[in-house]
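Below you'll find the structures, each written out as C-alpha cells.
Here chain A shows up in two complexes: once beside chain B, once beside chain C.
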Partner chain A sequence: MSLKIYELNEEFKNIVPQEIVALQENATWGNPKRGVMDLPVAKELLEEHSLCAGCPEAAALRYILASLPNPEDTIIVNSTGCTSLMFPHIALHTVHSLFGNQNSVATGIKRTLEWRFPDKVKDVVVLAGDGATVDIGLDYTLQSFFRQEKITTICFDNEVYANTGGQESGLTPKGHVFKMAPKGKQFEKVPMWQLAIDSGCHYVARLTVSSPKRVEKVIKEAIYVAREVGPTYVHLYTPCILEIGLNSDDGLDEMRSRDKERFKFFEYKTPEAEEVIAKYKEEGLL
Partner chain B sequence: MSPIANKESKEQKNRAGQKIVSPDYLLFEAPREKHFMTGSEAVKEAVKRATVDASVSYPITPQSEAAHLIGELWAEGYVGVYFRGENEFGVMSEVAGCSIAGARTITTTSGPGTLRAMENFPMWSGTRAAMQLVLMARGINAPLTIQPDNLEVSFLLDTGCMIWYAENVQELFDMILAGFVVAEQPDVHVPVITAVDGFFVSHTREAIYLPPDDIALPPYDPYKAPMPAIDAEVPPGRFLRDPFVMKSNYISYATHASWQFEVRAAIERSRPYAKHYLKGLTEEFGDKDAEIVFVACGTAASQAKEAVRVLEAEEGIKAKVVKLKTIRPFPYEELLEATKNAKYIFVPEFNVVGWLEREVRRALYKKSDAEIIGTPRVAGGMTMPKEAIVKEVLEIIPARR
Partner chain C sequence: MAKLGPAQYSPYPVAVYEGVLNPPPGKALLFNDIVDEETAMREAAKAMLTRENATIFPGPQVLYAWNEEAKKKAKLIKEMAEVLNAKIIPMYDYRPKYPKIDPDIEINPNHPNLTIWHNKIKACIFIGVHCHYANVALKIIRSETDCFTIAMCSMAGHEDAMITVRDQHSEDLEKFIEIAKEVKKELGLA
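What follows is the complex of A and B.
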C-alpha cells in the first residue's frame, strides 16, 4: 500500500477526531524495527478497546499490534469471541466473518493478494480465541497448516469460552470446573502447539504475555517465517481474570506463575524457519 | 456496439491474454459458433470468458466435473487462484476471503454441500461480496441421495443472495457471464447463486452457441464496491470510536436492521440490470392469452413447454409457460402481467415442499383470481415426463368446471 491512505486531507484535520490525526502523525508506520518499546511514546493502532479492565488479552493485542513489522500492509482476520469486540477499534484492515472460519477466510485473502499484488509483501495474521482456533475452527486451522498457507495464526488461549459467560473449552485443563463442565473437565487440554508442529507449521511458540519483549520477538519471527516459508502458530496464554476469579491487577501474576508450568516458554523452528530468522537477524530486523 | 470492442487503437487484454470486450458485446453481439456439450462444460466455457480471479473447489456429485474443469482453466492460466478446500463450509469461507480481497470469484456446489456451507451465504451477502455460486441442485439427506431434486434452493431464498435459475446448458453459460456483471454493479454488489437442475443440465449434452474464447469480460474492479476491499490499498472501514454492530444499544440494533434491509434493497436494485442482461426476468412460451398457465423454473419449465405442445396438438387445449429466470429478485410484475388471463396456474416442481408454489401464491395473493395448483411435484430423482403434466391438467380441470 501507499502510506497515503492514512494521510488526512489538510482541510479536514481540524475537524476529524484527535486520535485519527495522531494515527497519521504519531503512529509508527513504514518502520519494520517498530516494537513494544514504542508503546509509551507512539500512537497505538488500537483505540479505546472495550475489554475488561486489566484483561491480559487486551495487553496481548496491544503488544502484537506494536510488533507487526509491516502494519501498513497487514490484514488481520479475527473470529467471534471477546476479541471480536476489539477488532473494529484497530486502524488496519480487519475482518470478522464467522465463528471458526478465520483460517479459511485468511487463506482466500492471502492467496488473492499474492495474485493481485505479486510484487508486494502483504502479511495476513489470524487472531482468534481458543474456542475459535481449537474447537469450532480446528478443522479449518489445521487444514490451512496442511495446505502450507503463508499465514500467521495466533491463538489467545484463556482456557474458557469467556465472552459467552465461562463455558469449558477444548483448551480448558482437565478437572477445571466451568459451565458445561459442572463435574470438572473430563479430558486433557488439547496440545494445540504440538498439533501445529505435526500439521506442518514452520514456527511454533507457546508462551504467556507476561514479557512484552518476548511477545514482540515471537510475533516478528512468526510473521517473517510465514511470509517466506509457510504457516506459523503462536499460542498465547491470556487468562480470563473474570472467569477464574482474579482482580483486574492480578493478570500479570497469574501469567508469571504459569510461565513456570503449563505455559513454560516453548519454541519450535524448522530448518527453513531458522534460515529466515537468521537472515532477518543479519538485517537487524530481529 | 460496445465502445471497448470497437476500439481499434488501444486493445486491452486481461492477464490471460484475452481481449477485453464489453459485457454487451460478449453476451449479445460477438459471433457465436455451435458446440455440443454438458452443463459442466458450459460452466468451464463461461468461466474461461469471465476474467475470473479465484475459485475454490470441493468434490460433490453432480458438481465435481464443473469444479475440475475450472481447475483446468487455472492450470492453463485463465484463473488466478484455485485449490481444493477441506469441505463446503471451508470452501465458502475461502471464496469469501478471495472475494473481499478483491477477486472475481466463483465456486460450485450441490445438495448436502449447500447445507454444510449454509452459515456462509448470509455472511456473503452481509459483507456485500459480489461472488458467484453455481448450484447444481441435488437432493438432500436423509435418506442419502445423489439424484436431481431442488429442495435445497428453498433454504437459500432468504440468505440475501440473488438467485437465478437456468433452464438449460445455453442459459447456464449466458447466466454465469451475466451473473458477474449484475452482481458487481456498485449499487447491487451482492452474491449471485446461479442454480440449475443437477444431472438434467450438468450431465446432459446439448447444443450451445458460444462466442470465441479469445475475448473476455472486463476485470472486476474492487474499488467500485460499496465496501472497502480488504487489501490494505484503501483506507480501512474505520469504526474507531464505536464498533456499532457489536454493542447492545439501540444504535447497533438499528444499524443491524437497516444493514439487512439494505442487502434486500440491493437485490431489488438488480432488476434493471438483470432485465437487460438476461433479456427479461421471465420468458413466456405458448398461447399468450391462455387460461392455463404453468409457472416454473429450470427443467420443469422445459417439461411444461413440452406439455403445452401436447395439450395443443392432442387435446386442442391452449396453455402457456411462464418461466422464471430470477427467483431473487422475484419477478412480481412480470408474473402478474403474464397470468392476467389465467384461470388455472400450475406450478410443476422438482421437490416435495413446493417452494415455488409458495412463492407464486405470495406474489399473486389478492392480485389474481386464478386457482394456483402446486402440481405435478416430483422428487428424489424422479423425472417429470410431459405426459405426467398433461395428465394432471386433464384430471384437474374438468373436475373444476
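What follows is the complex of A and C.
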C-alpha cells in the first residue's frame, strides 16, 4: 500500500467532498509520533460510525485509530459483532473475517505480507469483541498465540452479546443478569488476559478506555512488540451502556468506576518486550 | 407482481442470466451484441451527447494519483467531460455512507440508483471503478433505473452495462475523445 492512494489528482480536488480532501491534507500519515492528542486538530480515520450514541466502543476505536504508529501500512482484521458496524467506515484496509476466525485470517495476512513486502513494516491488528475473541474464536485466538504469530489482538470487552439482544458471553461476570440471560451468569468471567500470558503473548494489558493517553501508550507498545517479538494482547473494557441500563452520557463514569475494580490497569511484559519498548522509548516513539 | 430473480434481490435478472457475456479482447459489447470497439465508442458518445444529464462516474483508480497512468487518465477524463458536456460525480471510495449519501455530489456502489434518480441521469460512464464494485453498481442501475450505462473498463468489461469497452488505457481514452468530437460534429452540437 502506498500513501499515494490518498493523494487526489488535482483535476478532481474541486469535485470531491471536503472530508476526502482532508483525509489527504490533514490526516496524520507517515508520522509514527501521531497519537490521541491529534484528535481535535487532525482528520480522523473514522469518518462516521453507526454505533449507539455515547458508545464507549466508538471512543475506543477512535483512540486506537489515532494511536496506530503506521496507519498507511496497517491492516485491520475484525469479526462479527458491534464493531463490524464501524469497520466499513474507516479509511484503512480492513478485512472482515467469519465470526471467530479473525486471528487465523490475520495470521495468513501477516505471513503473506512478510513474504510479499520483506523490506516494509506492515502491522496486522485484530479488533474483535468478547464473543469473537473468547467464545466463538477462543481456539483460533489462543492457537495464534501458541504459534507466536506477530499480530496484535485487541478485544473490545462489553461483557455481553450486545447487538443480538443481550446474551451472556464468556466475559460476562458471574451473576450478571441480561435480557436473554434471566437466571444470571452461572460461572466466573474468563480471565482472558491470564490465558494470553499463559499462551505465550509477550505483551498483555487490561484496561478501560477512560484514559485516552493510556490507551495510546498501550496500543503503541503492543504493536511495536508484535512487530519485533511475537503476539500481543490488549483487553479493553468498553461497556454496552444500553444492555446495562445506562444513559448515553454514562459510559465514561461506568469505565472510571471499573478502573478501580475488575478492570484495574494491568500490564505484563516479557523481558524481550521490555527491550523493544525501551528501544522505542529511546527513539522517542513512546 | 414480478417474480424475484435467482438472488432474491430484484425482479430483473442480471445480464449473465440472459446469456450476455463480456466481449473477447479487442471487441466491445453493445447491449447483447459483440461489436467493434469503434462502433461501441460511437454509440457511447452518441448516448452521452443526446441523453439528459449525462454524467461520468470516476472511481478511485482514476481519482487518486497513485501512478502515472492514473494522472494521465484524470486529465483525459476532464477533457472527455468537456467534449461530452457531461457532469462528473465521483465514486471516491466504497465505504457505506452513514446516515445517508449526498446524491448531488457523490455516488456509492451500494446504492448508485439514489444518485441516478436524484439527478435524473439518463446516461453515464463508469471509469476507474474497481471491477467488483462496478459489477454491483451496474447491476443495481440496470435493474432499478432507465439510465444508459457505459463501462470503460481497464480489464475484461462488465456485461451489465449497456455498452462495455474493455482494456481501456490512456491511449484508448484519447481515441474515444476523438470519436466523441466527431460524433458531436455529426450531431451538429459542436
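Definition applied: the second predicted complex is superposed on the first by the 283 of 286 C-alpha atoms of A that agree within 3 Å, B and C clash if a C-alpha of one lies under 4 Å from a C-alpha of the other, contacts with A are read in each partner's own complex, and residues count from 1 in each chain.
Quick note on the criterion: contacts are C-beta pairs under 8 Å (C-beta built on N, C-alpha and C of every residue); 3 or more make two chains touch, one makes a residue touch a chain.
This structure is a prediction, so every number in the text was calculated from the model and none was measured.
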Partner chain in contact with A:R147 - chain B first, chain C second, else both or neither: first
Partner chain in contact with A:T112 - chain B first, chain C second, else both or neither: first
First (chain B), second (chain C), both or neither touched by A:H89: both
First (chain B), second (chain C), both or neither touched by A:T74: first
Touching partner for A:E47 - first (chain B), second (chain C), both, neither: both
Touched partner set for A:F12, first chain B, second chain C, both or neither: second
Dominant contact partner of chain A by residue count, chain C or chain B: B
Which of chain B and chain C A:S97 touches, first, second, both or neither: first
Which of chain B and chain C A:I20 touches, first, second, both or neither: both
Contact residues of chain A, present in both the chain B and the chain C interface: 2, 5-6, 17, 20, 47-48, 50, 88-89, 91
Chain A to chain B touching residues, read off their complex: 1-2, 5-6, 17, 19-20, 47-48, 50, 72-75, 77, 84-85, 87-89, 91-95, 97-98, 101, 104-117, 122, 139-140, 143, 147
Chain C-facing residues of chain A, complex: 2, 4-12, 15-17, 20, 47-50, 88-91
Interface residues, chain B side, partner chain A - complex: 53-54, 56, 80-81, 83, 85-87, 89-91, 93-103, 119-120, 123, 127, 228, 230-236, 238-241, 243, 245-246
Residue ranges of chain C touching chain A (in the complex, touch as defined): 58, 60, 62-67, 70-71, 74-75, 77-78, 88-90, 92-93, 95-99, 102, 105-106
